[in-house]
Each structure stands twice: as structure tokens, then as C-alpha cells.
Amino acid sequence: MAYLDGLKVTLLISFMAILLGIAIGVVVAILKVASSNYKIKWLTRICNIYINIIRGTPLMVQLLIIYNLIFNSRNTNELVIGAVCFGINSGAYVAEIIRAGIESIDKGQMEAGRSLGFNYIKTMRLIILPQAVKNILPALGNEFIVLIKETSVAGVIAVTDLTKAAQYVGSRTWDILPPLIIAALCYLVIVMGLSRLLSVFERRLSKGDRH
Amino acid sequence: MIVTKNLKKAFGDHMVLKGIDETIEKGEKVVVIGPSGSGKSTFLRCLNLLEVPTEGEIWFEDINITDSKENINLIRRKMGMVFQQFNLFPHLSVKQNITLAPVKLGIMTKEEADRKAMELLKRIGLTEKADAYPNQLSGGQKQRIAIIRSLAMNPDVMLFDEPTSALDPEMVGEVLDLMVQLAEEGMTMVVVTHEMQFAKKVGTRVLFMDEGKIVEQNTPDQFFDNPTHPRLKEFLSKVL
Amino acid sequence: ACGTKEKNEKLIVGTEAGFAPYEYMEGDEVVGVDMDIAKAIAESMGKELEIKNMDFDGALLAVQNGTVDFVAAGVSVNEERKKVMDFSVDYVDSVEVVVVNKDNPAVADVEDLDDKVIGVQQGNIADFWVEDNVNAKEIKRYTKFAQAAEDLKNGRIDCIVMDQFPAEELVAANQELAILDGILFEDKYAIAVKKGNKELLDEINSVIEQLKEDGKIEEFYANHTSKN
Amino acid sequence: MAYLDGLKVTLLISFMAILLGIAIGVVVAILKVASSNYKIKWLTRICNIYINIIRGTPLMVQLLIIYNLIFNSRNTNELVIGAVCFGINSGAYVAEIIRAGIESIDKGQMEAGRSLGFNYIKTMRLIILPQAVKNILPALGNEFIVLIKETSVAGVIAVTDLTKAAQYVGSRTWDILPPLIIAALCYLVIVMGLSRLLSVFERRLSKGDRH
Amino acid sequence: MIVTKNLKKAFGDHMVLKGIDETIEKGEKVVVIGPSGSGKSTFLRCLNLLEVPTEGEIWFEDINITDSKENINLIRRKMGMVFQQFNLFPHLSVKQNITLAPVKLGIMTKEEADRKAMELLKRIGLTEKADAYPNQLSGGQKQRIAIIRSLAMNPDVMLFDEPTSALDPEMVGEVLDLMVQLAEEGMTMVVVTHEMQFAKKVGTRVLFMDEGKIVEQNTPDQFFDNPTHPRLKEFLSKVL
């Protein structure tokens, strides 16, 4: 039962965090692509600072800092805390996924759109983004899987996720290996299940449209 | 119709176009040939500002389009462009590829655009591909769709950048046929190509570019029979 | 369902559930002597108790920045801590002992800790005491006693310094381990609240006094130690 | 000083782990490529099981399991323990990096080698691997950077790395945020410095040889 | 010299070669043409077992090379192969590209191989490129190096798969010239190409493939002047 509750926490935090991460990531990616296109240097720089700090420091340290910096209100739900911490982290990675997705589209597509008379934004919206989504969705699925694994350090900020639940079972029985192995199996089943799902989904996406 | 004045373009400190003064009149079919890297594509792409010139002016229908106050998006509607790599939109059906710009730019209603698209498809004998996606087409079919996608905007001039270089030899003919038809209907055309037969048959003028300059130009007959510039002579001796 | 009113009715306790019999997991619930006391406090205040299970030093920080109302986690009182938080009357006199590997006691005597590899819980009073009073070869800081016990069994550390009651739980569950005779130092546990939270402190003090009077605390101990 | 010691531990563990990871990774990658080429199913499967387990479970859980499972000798240095745990983890990722590096080489190269009369192994050694190294080295550098960040969870196995050192300073001074921020800055400087170094190195590699 | 008996090749359940019986004699220059996807490359690649046939036999110099007991690595030394994409080794200099196989396979000493490489480079006028790397060469130079890399092994037959398709038009000539020279020296050649002029000039026999079969073959004169199969007629009408 402790495992089940922990698992629920793990999945819920991952899920809320990826949603928040997507929200942050979309905004940052668009700001970054647009600001570099229109040469607004300071905006590009702000986006890069956020991305570099998140990608340049360990998740665990970020977690501890965000937790101690932001959350001083006693009424915040621990799930929300976890989701916000991981979401802020994930946002930087999602932003890069989206940017890469946009840049993966052959630049002939932008040129074809522009030469028909569309402006930059309309070409993005009508031609580039609809194609980029096909590259972005699988990568986002992957990021979600990564998040599930990463939330295993959530224990340091008072969240009882699957890993922490297993550790406590071990604390009680003074036999720490079996609960950890059970937890590892849980993660493995979930991660591999999702991976398989993802690759089926990916194959579906690419089938209709090979170019 | 198109006038370039001292047109220069550099990528970094690599000077690719070194000052081009050219006038292209309405109804002309100008064929541009030259060795690889001589700047043919860059020249063509400057004409509709896909590349922004480093120096010089480009006038189109008496508008200075290098003037930053002009709305280039409006001007581009009048200049069709066909690419070596087709650049069809893979996420849209053939018909949607053709109707996207007219409809989304508010030039035609959906119905008008659909009718126009079917008309154009009928013309090239591909009505049955209206709902197919680009990946289901052969190279020759793709390029012909790309051409009528541009035609759907009723352009005043068509720019072609090696439209047949990415095609299997068997498919070159069908694309050239369509281009010949266009030429016969009086379309103004600027065509970068290696197809000398095409240049001879439909060109009104042939330009030879070398190292960022137009070093020789003439009517096709004179151009191929009496080349004067040594670089052109060498070039022709190799490719003919 | 949870209106603003109910939110205000909540009393949050921070703890670290790896310290039986004071606090430990039973199924997915945190129970133990400290939790029984916390429940009594909440009951007398007419509030709903919420337990936050955190790292030990995390819990002590949480009470300082108000994320939790009080910490009941076998917190020892010392001068350093008194500077940053307020403590209730103590509810238990505890002694710190040394746990060793029975078959291979690397430590012969409680006085013999110099130059040894000593395991403690990070942020626990023993952590500071060992740091200040012993010339250890190395201090290994764990977040969970269970991991320390595992390492002691495997001979990776020479001993663990910890509270007597949890130590007894520990050796009861692990035949290979034993508690050395003699005590290292004495220690009092109290409940910690945010500095200046006089109102809550008074409330807690009166409940603890009452529990002591009624002999409830011994009862709690009995409940949680008899289980093993 | 505590920071410096912690930093040294972090860097040493990362460094030894990447060496071990490379050793494991090379062996696994070669076994995998060769066994799939010669259709030795069971060997491919073993390699895949190792890779899937490592990539399908959280590092922290692996760390706890490996630590409690393998090390029963009291005399093992904590650095060695950390390096072995992280090295086993890293090996799976390195194996995939090497495999991807080999597969990134145009298959025309293998065909050209074979059609000159070289056998499979000689073509690998003389033609494919020398080219693959150019793709592999930068990715390995990246993996090293990832490792530096990941070792921040080493604290759970009682290794005092940079993160744990910062946490300890925090719990001693009752002011947890400043030490964490110092630690974050240390990581940031190291990670971004290494990234910059890496991109210089990468540019050097690709300069001589664009094809 | 090369005999195929009922050669079949399938990728999955897609039958690409549907039974080919051919004999290529020593000294012949066989040109293979046909539409895209008809199986020309697959046929050529089967000849040196880069693709393993699904069915049938291939005999080379009276050895059944489809017999798994034969060491294909030894046989491949006698069959040079030139690819559309050149496939030079980018990490080795031009000279190293040429000497790698002779030296590492123990056929020549380092000195012999170096001498041979310089001889071959001299022949194509590229001695000064001996220490250059492939990325410093033009397409035409790359392909000529690829050809002499094969020649360095003294092969008995040379297989070419569209050797000029990836080249700029200006460079096609220099590669074809080298191939003509080889032909004149008596090399046995099998050439897949779209260069009809080459077929007419040096071919001793032209094969037309369609949908995995050789549907017509003849001497170049007869082949181009009197095609009989309707698919071939259609094909020639498009590409000539």
C-alpha cells in the first residue's frame, strides 16, 4: 500500500510537472526563436540564462533551492510543491525540445511559405509548427519518462514518492534491499511500458508522412 | 519589370554577387547558366528578397523593393518561386498546398481557391491526386504541383531555381513541358537551369554567370553558337 | 470540500519517520510516540493534525520558516538550536549510546571513539556532539538510520551513535548488532516551534504536562515498543 | 573548505565513473553491434537487458541497490564506491553513445570497405571506428558533464560530495539557502566551463573534416 | 567471366529482382539502363554480394560465389566497385585512400603501393592532390580518385553504379573520359548510367531493366535505333 501511494505521488508529480514544463517551455522557446529572429538581444539572453542555469546545475540542488526559496506558505500541498519544482526544471529542457523541433524543419519550408507571400508569423503558424509537432511530441513523451525517474530525488523536499516510500519500508523492517528492488521494478515497468507506447505512437505519426 | 542596380551580396566576407545591373522586361524568358557556386541561386533569391542584398537596389514594377518601407509580403505574391527541392508542404494534401496561400492571405474564398486548384490540376492532368499527400507523388509530379501552387497566386513573374536537377531523368521532360507551356502563354520567367535544350528552345535571352558577375549574355542562338568569353567557351565545351 | 475555515483548523507537524519508536511508518501512516503526543496536542486544540514526513534537518528548517507548526522528531535541546527556535518542556530523558557490530566490535568502549568511522544521522544531536567532542577518523552522515545499520553490518563503519530507544529497536531486529554498555551523553527531547510562537508553545506545554501527569507517555512507549 | 573537499569528491567520482563507464560502454557496444551483425540473439538480449534496466530505473534507486548489494568490504574507499555505482550507470549510456557513433557513419563507408576486399572486422577497425570517434568524443564529454551533475545524489550513500557538504554547512548554521547557492554556482561554473571547452574541441574536430 | 543463373532478390516481400540469367564475357562493356526503382543498383550490388541474393547463383571466373564456402573477401578484390556517392574515406588522404587496401590486405608493400598510387594519380593528372583530403576535392576529382582506388587492386572487372549522377554537369565529362580510357584498355565493365552518349560510344551491349527483369538487350546501335519493347520505347522517348 505504501508503494501504491508513493507511486501515485510519483506519477502525479511527473504529470503536473510536465504540464507546467510545457507551459514554460512553449513560452521560452517562442520568445527565444522570435527574439533571435528579430534580434532582441536582451530577451534572447534572459531565455539563455534560465536555460543555462537549469541545465548547468544538478536537479537536486535546484530542488532544494526552489523549495526553500519559494515555498514559505504552510498550506501548499506537497504535490504542488513537487510539481512546481520539477516543472521549473523541466521547462528548460522542454524549451530546447521545442526549439529543436522547429529547427528540424527543412528551411526550404520557411522559404516556400515566405515566397508565397506569408509573413514570418503566419508561416510559423500554418507551415512550420504543424510539422514541428510531429518531432516535438515524441520528445516530450521522452521528457515525461525522464521526469518519472528524476522525481525519485523528490524525497529531499518532504514528498513521499515511490523511492522514499520504499526507503521507509526499509527503515521499518531494517532490511533495505527488498523494498528498493520492488521500487526499481515498479519504475522499470512504468518506464518501459511508456517507452513502448511512445514508439508505437511515433511509428503511427511517421507512417502517414514520410518525406 | 525587374531592374537590379549594382546588386551585391556577401555572406560574411565572402562576396558572392559582385555588382549586377540587369533589366528583365515583361514577357522575357531569361535563362541563367554558369558553373556551380557562381552565384546563380543567390541572384535569383535576391530578386524576391529571400536573400537580402548587401548593397544595391532591386526594382519590381516600379517599386524599389529593397526600400525597407515596402511590404515585401505583398510584393512576393506577384513573384512565383520554384525550388530545386520542390518544398511542397508535407502535412497538407495537394489541393491544400495549392489553396493555402490564396485563402489564408484573403485573396480568394475557399470555394474560388478550390475551383482554381482543380482547374490547374486538370491542366497538368493530376486531378486524381487532389487529395493525395506529397509523399505519395513522384518527383516530377511534386515539381509540377509546386509550379501550379505558385501559379494559383496569379504571379506576374516566375522564378525557377534548377527545377529539374533533383529529378530522375525520366521525369525531367514532364516538368520542362509544363514550363514550355507557361512560356508560350507569355509568362515572364527567370530560369536557372542546366538544361541547354530548354534554353535554346524557349529562352529569349541567356545569361552566363561566373564568380558573382554576369560575364556574357545574348540570344540563345548567338550565345551557344558564338560564345566570346573564354570561361563561357570552356563551360560550353564541357556541358554540351 | 476544504474551505478556508478548515485550512485554518489544520495543525502541521514535521517529522522524520525513520526513528522507531518515536516515529516510523506503519503501512502508509506515520506513527510513534511523538505522533501520539502530536495527536494529543491537536485534539486539545480542536484542530486536524497533518503529518509531514521530511528529512530530519529539513524538518527543523521547516519549523523556522513556518512551513510546519512544530517538529516532533526526537529533537534534542541544545544551545545552538535555542537561538533559532523555541522549545517546549522536555517530555523524555534520553541517553545516547553506541551501536557496534557484535561479531566484530571495532569499538570496545564508549570512551574509545577516537579515530573511528562513526555513523550518525545528519543534523541529529549526535552528529554535532561527535563533531565537537570526538576526534573521529570520519563521520558518515546518513539521512536514514536503516542505511547506517546496513553499513555497520557490512563493516563499512565502526559504530553508530544514536538514541537508546531506537537503538534497542535496531538491535532487536538485527542479530549481528549490539549496544555497548555505558552511555555517551544524556539528552532531552522536546518539541520545537518557530521562535516567538508563544501561543502555540504554551498550548503544547500544557498538553505535555497533562500527558506526563496521566502517565500517558509511558503508555505510548509501551504501545510502540511491544510491537517488535 | 568543506566545499572544496566536497568539490574534489564530486569531480573525482565523476572522473573515475566516466572511465569505468567508457570501459563498460565500449565492451557492451561492441558486443551489441557484433552480436546483432552475426545474429547471436542471446548476447544482444543480455546487452539490451543491462541497458534497459539502467535506463529504465532512477539513478538514485540504482545507487542504493548497487551500494547495498555489492559492497560488503569495510575497507573500500567511498570514492571507489561512488565511482563504481555511477560507472555501472554510465556504462549503459556510454554504450548507446558509442553505438550511435558507429551507426552515424554513412553505410556507404562499410560498403566501400567491403567491396575493396576487407572483412567486417577490418573495415570496422580501419574505416568505421576512426571516423566514429569524431562523433563519440564530444558525446562522451557531454556524458561527463551529466555525470558531474548526477553525482549530487551520491549523498544518499553517505558520500560527502559537494551537495552534501553544502547541506551539512546549512544544517550547522541553520541557514540552508546560502550554502546551496554557493554549491549551485560551483556546479554552474564547472559545467559551463566544460561545455565551452567541449564546443571549442568539437569545432576543432569538425574543421579539418567536413564531408 | 560473370554468369548469373535465375538471380532473385527480395527485400521483405518486395521482389526487386525477378530472376535474371545473364552472362558477361571478359572484355565486354555492359551498360544497364532503366527507370528508377527497376532494380539496376540491386542487380549490380548482387554481382559482388553487397546484396545477398534470395535465390539463384552467381558465378565469377568459374567460382560459384553464392556458395557460402567461398571466401567472398578474396573474390571482391578482383571486382572493383564505384558508387554514385564516391564513398571515399574522409579521414584518410587521397594517397592513403588508394593504398589502404593493397597494403592492409598484404598485396603490396607500403612502397609498392605508394608507387602505384602516384602512377595512377599521374595518369588522371592529380599528383598534386596526393596529400589532400577528400573534402578538399571537387566532385569530379573525388569520383576519379574513387575509380583509381579500385584500380589499385588490379581488378578483373569494374562495376559502376551511376558514377556521374551526383556530379555538377561541368564535371561529368572528366569522369566519363576516364571511364572511356579504361574501356579502351580492355577492362571488363558493367555500368549503370543515364548517360546515353556514353552507352552509344563505349558500350558493347546495352541492357534495359524494368521491374526487376532484363526486358531487352542489344548492341548500342540496334538498341537505340530499333527498340522493340514498348516500355523501352516509352523510356527512350522521354530521356533522349
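Read from first to last, the chains carry the letters A, B, C, D and E; within each, the first residue is number 1.
The rule we apply is simple: a residue touches a chain if its C-beta (ideal position, glycine included) is under 8 Å from a C-beta of that chain, and two chains touch if they have at least 3 such contacts.
Nothing here was measured: the structure is a model prediction, and the numbers come from that model.
A.B. asks: Give me the fewest steps it takes to get from chain A to chain E if each step has to go to a chain it touches.
C.D. replies: Minimum number of steps from chain A to chain E: 2.
A.B. asks: Can you check how far apart chain D and chain E are, centre to centre, with Cα atoms defining each centre and the answer in Å?
C.D. replies: Here the centre of chain E sits 44 Å away from the centre of chain D.
A.B. asks: Approximately how many whole Å separate the CA-defined centres of chain C and chain E?
C.D. replies: 81
A.B. asks: Which positions in chain D are in touch with at least two other chains?
C.D. replies: Chain D, residues with two or more chain partners: 64, 68, 167, 176.
A.B. asks: At least two partner chains per residue is the criterion; list those residues in chain C.
C.D. replies: Residue numbers touching two or more other chains: 61, 147, 150.
A.B. asks: Please give all chain pairs that are in touch with each other.
C.D. replies: Result for touching pairs of chains: A-B, A-C, A-D, B-E, C-D, D-E.
A.B. asks: Please output the residues of chain B touching chain E within their complex, sorted ascending.
C.D. replies: Spelled out, the residues of chain B in touch with chain E are 35-36, 168-170, 172-173, 194, 235, 238-239.
A.B. asks: Show me the residue ranges of chain A that touch chain D in the complex, using the header's touch definition.
C.D. replies: Residues 52-53, 55-62, 64-65, 68-69, 149-153, 163, 166-167, 176-177, 180-181, 183-184, 187-188, 191-192, 195.
A.B. asks: In the complex, go through chain E and note every residue touching chain D.
C.D. replies: Touch residues, chain E against chain D: 48, 50, 73-74, 76-77, 79-81, 83, 85, 87-91, 100-101, 104-105, 133-135, 149-150, 153.
A.B. asks: Taking the complex as given, what residues does chain A use to touch chain B?
C.D. replies: Interface residues on the chain A side: 106, 108-109, 111-119, 122, 126-127, 130-131, 134, 208-211.
A.B. asks: Where on chain C does chain D make contact in their complex?
C.D. replies: 57, 60-61, 64, 80-81, 83-84, 119, 122-123, 128, 140-143, 147-148, 150-151, 154-157
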